[in-house]
């Protein structure tokens, strides 16, 4: 992650919630110090702890923090994932934004880990898509990695992906690949979406770096994979759910890309608790 | 929604995905025109159509669009929600960002509608929380409204909410309310979180505008509501899920606030399809 | 105040004045250290000391500062409100911007204190309006509070205010209130502007949270107040000046809102003086 | 004025007031069209009409406007300075920001015109200072010009000004001028602040382009001016008020710089009125 | 190019030059219309015409423009590359920024074309590096393409490049490649810098996608190329100048990357001329 | 230089290169510390050392740096200009941006020094123009100063320059100067471009502060200079190259302005070398 870019994003998230000031904390607190900790309310994989910490550094550098886990760790209900100490006002002002980020990133990491485990085939890598929440792609892709997944291309500018619509508009896979190869330098990969064995073969001949099997069943994949020579990677995408992912075990494909990892996230629940006994 | 603020956000979403350029479309297309439409892949409540349209206006004003539904409409699988026409390159460049927004907003609207219908008690309003996705609060709150829900406070700056942690730090509900009343003008509402009948009574005496019953069961709520005089609103929050929401029917509370409306969204699936027969 | 937002604003103020560099200080000074202090050139209420300090922290963290008063303190001509020490170049580079902010905020605080004192009725609260200087609302509203006043709504997004124009366009107070109540959640207050006893009564029936008497004389207010039941707040606005404010004493209204507190500010004069005897 | 920079500033002013949306207008209006006009509530010099218009173009380009005066025109109470027509919602949403700008700019232009007229000596030019409201310098300097005044340097980066503090730190006027001349190119003017005839003579010898008489009385100025050869401009600054300005008539100085033109502005009152009879 | 990102950059370039306003044009011109054209003062390859046009669209949409060449066209001294018509003020205000961009982009395109032609071997592609001018990478890479070159990776985030320093820190090429392969998904290419035949062989075994020969002579390249199997691309980088580039003809390498294309640009001279005979 | 503005620019430069993260360093390094130094690969004048250091402070404050030269120092091939120590990841992540800035600024300083030395007449000052790289003007003008040159006006807003096009549009030099004098205050210089003795004389009579001889030969300049009275500065501009600059020696003009100092920069080569022996 680019920390300068991260700071810009976190700054915006804080501005969104705090607006022109935290009316409640500003009218209740003077300079009271307090302690708080964050506890998992359910089991899963934690992700976003360093981001959580950075949010408080931006909000008030006098807040100190100690994390008890690392991104990618499994946690169970009741685990304290971090402790913090500092002025009561910023501790409470930052709570919601920090938890919103932690819960979302941990939800994605947990889902990814669950997908990897359910698939149960380490020769196949699970990866994300561009179906991320607008504005959160850098964080969501980090959460996928924390959960044991891999990242597909980041955006439209770091790899070529010839989808059905592009190919249709061009006339053929061959022509589409040719045009991109004529324009692209040597550091850009070209992936081609295919829907039949004939298209797989055409993509191979055209010189694709990666071949995607769109909405293919495990059985179809098993037929397509042998058509692809070593050195060209394969990816299955579309129509894969938590219910069906295990059926892709042993299919021989290199990557499964899963939109639901990021477009339909179940937040992993965490709470921040202030220690009441402290001298506030 | 503030359209100037919306434009800033959409601009950022587009920059995130397009980065320094859409390598694929720029190398495939010249000036081909094409038509496309967006179709629902599942049933639900659509939200975000105007936002979808605005994304394309920002990307390329020569893209024309026609929406066939309005935000809040129920759609079923196969419904065409909008049609568009314009140069192939921007049509495909904007697809993912526009769909990501539409799918998320529609997912929230659908969930909200489902919650309202499952609750089945129009005397109780369903509302959101601040557990929104960082950076998307304005859009997510609009989606809640589209689904028939209401908005809780927008952020920390437009209303006072005295939660357990604030009250504990202050010493008592009475003192906390007193301090905020001394600082706030007449346009700010003060809500107090309570966990017992005694606290409800204290909050009433202290002059709260809204009293929240935290993690209260329907039975507890039924006991608390009569303690609150007319003119003070009541809200139940915490521990309410789609499975339990119907049990709050008839409880007499004014508002149910539901974090899951925005923190655990199931995207409503939409696809954009390019008409292949057109003269691209 | 949201300190992150404050920093953004102060950063812009400094850029406006410094532009591409302070030609004078850069060509005159090397690394000379110096001391300076800020002295009141007239009596009034000081406000903006922490903001003054923050301006220098942004400009050069090596400048140290000691404030001798707190916001809201009365000062008289000749009072030293703060002392500073650091490199001569940033001390002089920041002078104008820092003083411009301090003088304006102190001018507002002084005027507010004077209004409160002239009114001479602590049962009536003096408050501001949205007639603030564009870009300075957060600072100006803080200055009003420092002077002993209260804040009306911050902007268009944190409360509803149905003015003459809105009501005229809707047809009636009742209909206007009904529409906003149907759209708003429970944390938003609705204020209605009225110009007669009949309108006051209609606003009460419609369920307004706050009733504003527009351009009403003290005598009119005395007639309107009894029409408003306990629990609904009242505000007088329009046509109130420093000359007339004392006539509202004892009128029974809850709030007087005064546009001139922020739209016609007399800066409170302060000077920064560099100690010449120091070893520059 | 740089229109690109102006748009940035106006955009921020609108965001400050509208925030996440205009709760009132959004819940009251659909697509009603209406007409409105802006009327002067007092006499003075109008300034900011084009800025007013630009605010609405940014907010909603479908609002049409017709201005009946030009910046710098004298207006009297009751004059309609502009008319507008468009959707009721943006017309009312933009009202406060647009009027705040117009009233402030017109207040400055009126004060400037009054100063010029009171001085009554066209051989002396009235000019502003850097005591402007933070964030509004470009607009306030335009208002001074509209009122018949001139602009002093814009900021720290477009001219050198050696003030008492700079000179003290350097040791002498001669040395300070020498250092800046050694560093500056040929397009930068150097002004020196003086407090005695001896200092005026030293500044002349040092090669200043402009000599400022700090806090000098008309009598002192009359003694200083003959010491300054033709080709070097003179400026009187400090301690000049509306009460004393006429005493500088015939003093022979080239410029009077007046901080109060911008630091203590009396807004010129304008109201926006919606025509009720239109078919809203 | 991402047009939204381009607009942001051009906006900044205009603000840098115009600042708070074009003093000259604003005081000279009212609403005079004029015509102007841009003429090449030397021969070369033009690039940046659409960017030139966009600068004026941002500055004043009423300026109309007609380009007589396309990016990548060869021009000779005296060629008119574009004509424009519009208000005299913005035409002259935008001149310098627009020409600065056009001259720089055309300088890069000309140099690239010259390098390609001097090399005289179309089986070898000429490409750029990250040695671009800070803030101008998108424009400079477009200029390289206009001149017939190709783009290396855009930045640190779209491809992996293991340079001497990375490898030294890791211990070996094999380990470095292994670590990046373990972390990267399937859309990221990995390039390895090598300085000997042994390193080339190690990079091949490690699974590099691209192998770079650092500071290699044509003779060394001829020895290295046969060590690299088909499917892995090769690049020579370092120590190649316009004087030596022809010696790489026939060396069999796939790409030559040339830092001087962007770090040492000779601007291609263009002038803007206003037609004096028009009715200004 | 305005350090706040500098930080904004450097932040953007880093974002441009790092994007969403440095894929290479992030996958290779954990927390290894390393040392590196920057060495000149050619002789010239160094400029930008403090900027180089600031880039790393923004990227990672834990990187420590020691500079061995000051801006404006002559360096020869092999000189170590600075040493640094810190975590390997940020050291390598920032390398390219920091070197790109240093090389460009040093290239400009070297060229400026060379021009000054070749001219060999200290009574004539060498200065820059507005032909700077878009977005880099502040840095490039600082580099010119480091090389012993002077700065012409910064942009369109800090001085008036009446060029051929402006004069033609106005009708005459006299009229153009008169209009600007009527609009400008006393801190703005007015320069007039002339192309004949008659125009020089007209500019003198009109009251120009600076007179520019456009594309004049040394012989022409020798004829024009005596026409200009003391107190008015002269500048020669246009058609001056490194080949011809020495012919202007003794011409009596005050300033030579040279576009090539910034529009056609030859980067001064520097390398960053990581010490391999350290315990990475």
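Per-chain numbering from 1; labels A, B, C, D, E and F assigned in written order.
The criterion applied here is as follows: contacts are C-beta pairs under 8 Å (C-beta built on N, C-alpha and C of every residue); 3 or more make two chains touch, one makes a residue touch a chain.
The structure presented is a predicted model; accordingly, all values stated were derived computationally and were not measured.
S.K.: Over half of the interface residue numbers used by both chain B and chain C, so same, or under half, so different?
M.R.: Both copies, chain B as well as chain C, present the same residues to each other, with over half of the numbers appearing on both sides.
S.K.: I want to compare two interfaces, A-B and A-C. Which one has more contacting C-beta pairs?
M.R.: A-B
S.K.: CA centre of chain C versus CA centre of chain D: separation in Å?
M.R.: Each chain reduced to its C-alpha mean, chain C and chain D end up 22 Å apart.
S.K.: Between chain D and chain F, tell me the centre distance in angstrom, where each centre is the average of that chain's C-alpha atoms.
M.R.: 33
S.K.: Just how far, in Å, is the C-alpha centre of chain E from the one of chain B?
M.R.: About 44 Å separates the centre of chain B from that of chain E.
S.K.: Going by the contact rule already set, what residues in chain C reach two or more other chains?
M.R.: 2, 18-22, 26, 137, 154, 157-159, 183-184, 188
S.K.: Under the touch definition given earlier, write down the residues of chain A that touch chain E in their complex.
M.R.: Against chain E, chain A makes touches at 2, 125, 127, 145, 150-154, 157-159, 183-189, 191, 210, 231, 233, 235, 254-255.
S.K.: For chain A, which residues are in contact with chain B within the complex?
M.R.: 9, 12-13, 16-29, 32, 34, 88, 92-93, 96-97, 100-101, 103-104, 107, 130-137, 154-162, 165-166, 168-170, 176, 179-180, 182-184, 188, 263-267, 273-274, 276, 280
S.K.: Of all residues in chain A, which touch chain C in the complex?
M.R.: Going through chain A, the ones touching chain C are 11, 14-15, 18-22, 26, 58-59.
S.K.: Under the stated contact criterion, what part of chain B meets chain D in this complex?
M.R.: It is residues 1-2, 4-5, 137-138, 154 of chain B that touch chain D.
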